[in-house]
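Written out below as structure tokens is the structure these notes cover.
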Amino acid sequence: MIGFYYFLSLILVVVSLYYFIVARSYVKRLISVNILGSGVFLFFVATAKNTTMENPDPVPHALVLTGIVVAVSATAIAVALILYLNKEER
Amino acid sequence: MPIDLGYLVALPLLASLLSLIPSLRVYTAFIFSLLSFLLSLYSFIYTLMGDIPLYQWIGGWVAPLGIGFRLDGLSGFFLLMTGIIGFFVALYSFSFFKVEYQRQGKVFWFFFFFLWAGLNAFFLSEDLFNLYVVLEVLSLSALVLVALPGHRKAIKASLNYLFLSILASMFYLLGVAMLYANYGVLSMSLLSEKLAGTHAFTYALFPIIVALAIKSALLPFHFWLPPAHSSTVAPASALLSSLVVKPPAYLMLRLWLEVLPKDKSLEYLSIVLSLMGALAILVGSYYAIRQKTIKMLLAYSTVAQMGYLFLMAPLYYHGESFREALLQAFALQVFSHALAKASMFLSSGNAIYVARRDDLSYMPGFAHSHPLTFFALFFSGATLIGLPLSAGFVAKFLFLGLSIRLGFIFQGSIMLFGSLLASLYVYPIWRESFSSHPTKFYDNPIPQLMELSAFFLGFLSFSSGIVTFLLLQGIVRG
Amino acid sequence: MLDFALGIMLLSSALVSLHSKDLMKSGVFFLIFGFLSGLIWVRLEAFDVALVEIILGSAITGFLIFKLVKGSKRRALRVSAFTKAWAGLVSLLFFLFMLFYLPTIERQDRVGRLVYENLHKSGVESAVNAVLLNFRGYDTLLEVGVITLAIFGLLALELKREAYHWDNPLLQSFSKLLLPFIVFFSLYITYLGTFSVGGAFQGGALLAGGLVFFALAKQSLPLKKSLILLFMATGLGFFSLVGLFYALLGYGFLTYPLKLSTLTLIFIELSIWISTAFLLYTAYKGKL
Amino acid sequence: MERLAVLSLLLSSFFVSLFISFLKEERVFLRSLVNAIAAFYKLFVVAYLLWSVYRGGVFEIRYSMVPFADFYLTVDPLALLFVSLSSFLWLITTIYAIGYLEGAPNRRRFFVFFNLAVTSTMGIALAGNMFTFFLFYELLTLSTYPLVVHRGTQKALRAGGIYLVYTILGGSLFMLCLVLLYMFVGDSTFHTGGNPSLRAWVLENPLWGKLLFYGFFFAMAVKAAVFPLHQWLTRAMVAPAPVSALLHAVAVVKAGAFGIIRLVYELYGVELVQSMELWQPLAYLTAFTILFGSFMAVFQEELKKRLAYSTMSHLSYIILGILLPGQLSTMGALLHLVNHGIMKITLFMCLGNYAEKYGVHKFKELDGVGKKMPLTTIAFTVASLGLIGTPMTVGYLTKKYLEAGAKAAGEEWAIYVFYISSILSVFYLMPIVFKALFGRSREDKEKKGLEVSPLMLIPPLITAFLTLLFGILPPEAISPLKWVQYIVNKAYGGY
Amino acid sequence: MVFEVLSIMLMFIGAFFLLAGSVGLLRLGDSYSRLHALTKADVLGFGFIVLSCMLSTSLFSNWLKLFLIWLLVISYSALVGYALANRKKNA
């Protein structure tokens, strides 16, 4: 069951990497980065579950929590910059 | 008596928050930049005398559970570098933001101290995930500094920089996740024992090395650096070019020398990195020579100079017996380039302040009108080329000697050729600042503090060659 | 069987969101992707992460992305066939590379066992929050720093653009009615964090959602601008001050003595709660 | 106390240059005062060192500056010869420069780099091992470039560019050889009879030893303007007179020659050089340079270019003297190191006076200047006679020893080279004197008062007088000849 | 025991209404009627599921929480329905 999630995170990372490079607009590139992030976090949480203990290993959970907050803050700045560029274009 | 290394990180953070209050801004900026400089100086002196490597576990939780600060010769040395450059750029910015970019001046200090805290945190931390968060702090604050001027070119450059640095951070995180999945440990000191004899880490190494290459603008990923470093205000580009690009290379060296055991795939990787480094030097210098504006020239020269650190990758791999000399050469190359580049960017800031134009042909004849800025440009240019008495020369000398002793003729010849190329792109700056062509004569004075800080940085980078044995004592001890 | 279904739905929503030409559709599917990944976290018993993912990862990020959808041109960047080819090649190679890697991961309990053994010394019952606030408190300090840095960076760029809003009487009255409950509920979630699922970031994000909902109906908060700035800075300010305070006392940076740790952690959680809320609220507003 | 003396020798001009860089442009008097004080202090220290080294005192400073090599300054008789020469001539040139640059723009920058250049010359002289020598050798490049490009005109910038290309290429070659030396031999300190560990290594693998020797030789030859590498010297004549006087008579070119002396006598050792037959091809090259230099000088229209070519040829006198085996030729070379410096500096200063007073740069503008400026012309004549090697002048001494050395070494062809060169030098020096004295008189530019400000007139007269004095003095009296004899005795056990 | 059977039965009824709502969303042509299906059927289905959950727990505090959740969802979907319709009319 864990192997499936590892594989799923792998696909997410690879697909979003492809679309990151091929993205036509900044919004698409931003979405692909976020999805890549979710893929990596899935890998982390799958590792958390991959233990002999009954409840999962809390350290990756804390790390993913930090990762999500960092990803959100980076997205917030990216949004501001893209808004500036869009406004500038018109 | 070792101080609590936490101060080195927490104080600049507090300073950045305090600098938001308009009335307190100038005082906090001065007091805290001085304080942080003294702190890094003290930690450097501690590496000379105290027992190092000094481990301090945050929250009292030991290795696998908690995060630790580690202070050894190399990190102490880089803390000193950050302190010196941070302090002089702070001095420069005091008068720079009085005369120019007043609006940006208000917010500059917040990101300046954040960057400083991030750099201190990076050189001290020894936990892989913690380094991810610090890398993110560095990229975001550098990013906003790039976007500071607010015109379209700066915003576009910072956006490209943002995307590439998020991608690199995600790759780095993937590498850390893979290492954690296989070895269940995040701290570097524990990792080195666990890695001995296994092969799984080579998989995890690939995303980490790619991420670090992107962050330090190694060749195929260097497109974001020139527009980013050249489109922003002078003190910001000085900080970016001299400090923000260095930590990834430092981390790569630390991983290489201390954490990763010898492995076939590592050898191939070192060869690939060395090739990319060589290309970076050649292409970077080629573009630097062709540039018309001084800031683009300096940005491309950063790409070239960073190439040296990666060029020597095979030496890190094979040079087990010369570990100490390699560390010293690496540290000196980074130190001299950082100081020289910071002084050159600050002087280019002076040039733009006087001539109101960025391109090289309009660079004012500094030799005639502003001797101090001319000395800064002259001495830091000499350090970039690697002329003696400068730490750059000692670094090149060490690298050259080691590459010949270990039989890497290719690396040695590229290193020598690279310093010749460097003189090719530093020469136009000297020539322009010397020419007494009438259009080049501007007598409006540059604020005293701006000239002095640029001069001192350049002079320090040049004369640091004399005291190299003192600077390197920390690295020798541990 | 359920994992398989969730996985397929997640993958398809990601593919549609990435591939579709219409930006609005890719935005909507990105939201769906966020909720589904939240569900998958729940399936993997990572409840705290599920909560954060759904509130922060998909709702707030989705909302920020929707701000972009209207303005952006579709064809901002030129992408040649050559880049498509090498991008495909690179991702394929990376896929194969990772495929070889996956089998090397074996089942072992890593730092988790240590966390549970030391849980009683951390002053917090919930394992994830213990790691987050005490064992790896330094990470969280830097993380709060990152989000403060990002939002102040946003403000520094001083975008003049007015945020999207919809002044409708029904929305105004409803949001006015709902706001107190949301504030109370987010406080409850933050407090809940000390001994079970929940925590500072989740509560803060929830409150941010409420505030955004309130501001959506073109109502501005009755607070002064400097007060909002203060709230935004409390997270980082209080946390680092506490760290320094304990360092001065001689315990060491961010080291809480056993009997004081629960109290300090609660105060730290509250400061993070209030600062995350107002930071994300300003991220929506775009300016103070 | 001894360490202080050596260090102060080096640092006195370094701190002066640092102090001046902060001094405002207008503070002319303070700047000249500081310069003069530093010069006199330096002379005093040199005198003290001369006296105490003669008594057998040993002065040295050694600290490990770089992980593998150390910064080593030592005062041995050879170093003292060069130090006394350059400090004396530096004093002369400083006085001359203060006079010459009266009212010229950015003198502040000029004197900063002027002092830096002298610091590096002192460093080159005092260097105890090849690493320290290289440090100051490159610092010399760095400090002389701004002096060459001082005026900032397009021509000056181009000349500076070429100067940089040559010196940086030479520097890189030097660095490569130094790295090889340190990697394979590990130590490069100078010993009177040659570095023992180096000799052991060279005997082991002769091919590498030969390559290393030629590498070092050509790296130095760039500065010593040996034939293929001399273009920068003639072009650098664009620099102001005091610069070309001090640099091309004393500092830059002599540094190259001095380096070759260190290389042949103190790094490789004379026996090794002769036993490995290293010196023949180089001797032919330098001989060709002598002839080429003198030959080209005859046709130069620009007066300063003419002197540049003559410097090139006279430098190769010194190198040829070093390369020829035997003590006599060595003495001749060391003597010429000093004599050429004194004579050439007089010629450059006289040319500077002509250019300053009547704006004379070309040969054809010279006529009638001699009558208006009698004293300068006398100094010029005496110095050019010395250069030619007429008896009773210092030049004659060097010629006598060089020819005796060549005969002792069994290389008769060298004697003919010296003869031809001195005849050629008659052709390129005497016409200047005759044109100045007997050319058409010059009514148009009637300048009252003394020919040229005293500050610019006295230095050439002093040096011209010295060329005569040292020529006439018997060997026992205190003179460069006596010191050279002392060096050779001490180094090679009796002559 | 009765409660378990009853809650499973209610769960099925709720699921059935949710199915009806989503089918209505897909099949019905006009956007207003689709909106109608979305708000009415789904909210009813959700009500039944909440009821079944309430039956399966014994704690009174859970009952209260579930009831509040139900209240929130009802008012929220009404508001969203109104907003969508309003936007559709003005656009």
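Which chain is which? They are A, B, C, D and E, in the order written, and residues in each are numbered from 1.
To be clear about the criterion, a contact is a pair of C-beta atoms (placed from the backbone, for glycine too) under 8 Å apart; a residue touches a chain by one contact, two chains touch by 3 or more.
Keep in mind it's a predicted model, so treat the numbers as computed, not measured.
S.K.: Measuring from the mean of all protein Cα atoms shown, which chain centre lies nearest?
M.R.: B
S.K.: For the chain pairs B-C and A-B, which is connected through the larger number of C-beta pairs in contact?
M.R.: Ranking A-B and B-C by C-beta contacts puts B-C first.
S.K.: How many angstrom between the C-alpha centroids of subunit E and subunit D?
M.R.: Computed from C-alpha means, the inter-chain centre distance equals 100 Å.
S.K.: Rounded to the nearest whole Å, what is the centre-to-centre distance of subunit C and subunit E, using the mean of the C-alpha atoms as each centre?
M.R.: 28
S.K.: Any idea how many Å lie between the Cα centroids of subunit A and subunit D?
M.R.: Inter-chain centre distance comes to 69 Å.
S.K.: Quick check: how many Å separate the C-alpha centres of subunit C and subunit D?
M.R.: Roughly 73 Å separates the two chain centres.
S.K.: What are the residue numbers in subunit B that touch two or more other chains?
M.R.: Only 129, 133, 136, 140, 143-144, 147, 155, 178, 180-181, 186 qualify.
S.K.: Would you mind listing the residues of subunit C that make contact with two or more other chains?
M.R.: 98, 105, 108-111, 115, 135-136, 139, 143, 146, 149-150, 153, 157 - these are the residues of subunit C that touch more than one other chain.
S.K.: Which pairs of chains touch one another in this structure?
M.R.: Pairs of chains that touch one another: A-B, A-C, B-C, B-D, C-E.
S.K.: Could you pull out which subunit D residues touch subunit B in their complex?
M.R.: Contacts found on subunit D: 21, 63-68, 71, 105-106, 108-109, 112, 134-139, 141-142, 145-146, 149, 151-154, 156-157, 160-161, 164, 168-169, 171-172, 175-176, 178-180, 182-183.
S.K.: Any idea which subunit B residues touch subunit D in the complex?
M.R.: Within the complex, subunit B contacts subunit D at residues 324-325, 328, 365, 367-368, 371-372, 374-375, 378, 382, 385, 387-389, 393-394, 396-398, 400-401, 404-405, 412, 416, 419-420, 423, 427, 430-431, 434-437, 465-466, 468-469, 472, 476.
S.K.: Report the residues of subunit C in contact with subunit E in the complex, numbered from low to high.
M.R.: Listed in rising order, the residues of subunit C that touch subunit E are 166, 168, 170-171, 174.
S.K.: If we count contacts the way the header does, which residues on subunit C are in touch with subunit A in the complex?
M.R.: Subunit C residues touching subunit A: 3-4, 7, 10-11, 14-15, 17-19, 23, 26-27, 30, 33-34, 37, 40-41, 44-46, 48-49, 52-53, 56-57, 60-61, 64-65, 67-69, 71-77, 79, 83-84, 87-88, 90-92, 94-95, 98-99, 102, 105, 107-113, 115-116, 127-128, 130-132, 135-136, 139-140, 143, 146-147, 149-151, 153-154, 157, 159-161, 199, 201, 276, 280, 283, 286.
S.K.: Applying the document's contact rule, which stretches of subunit B touch subunit C when the two form their complex?
M.R.: Touching subunit C from subunit B are residues 4-7, 10-11, 13-14, 17, 20, 56, 58-61, 64-67, 104, 107, 110-111, 114, 117, 121, 129-130, 133-134, 136-137, 140-141, 143-144, 147-148, 150, 155, 178, 180-182, 184-186, 199-200, 203-204, 206.
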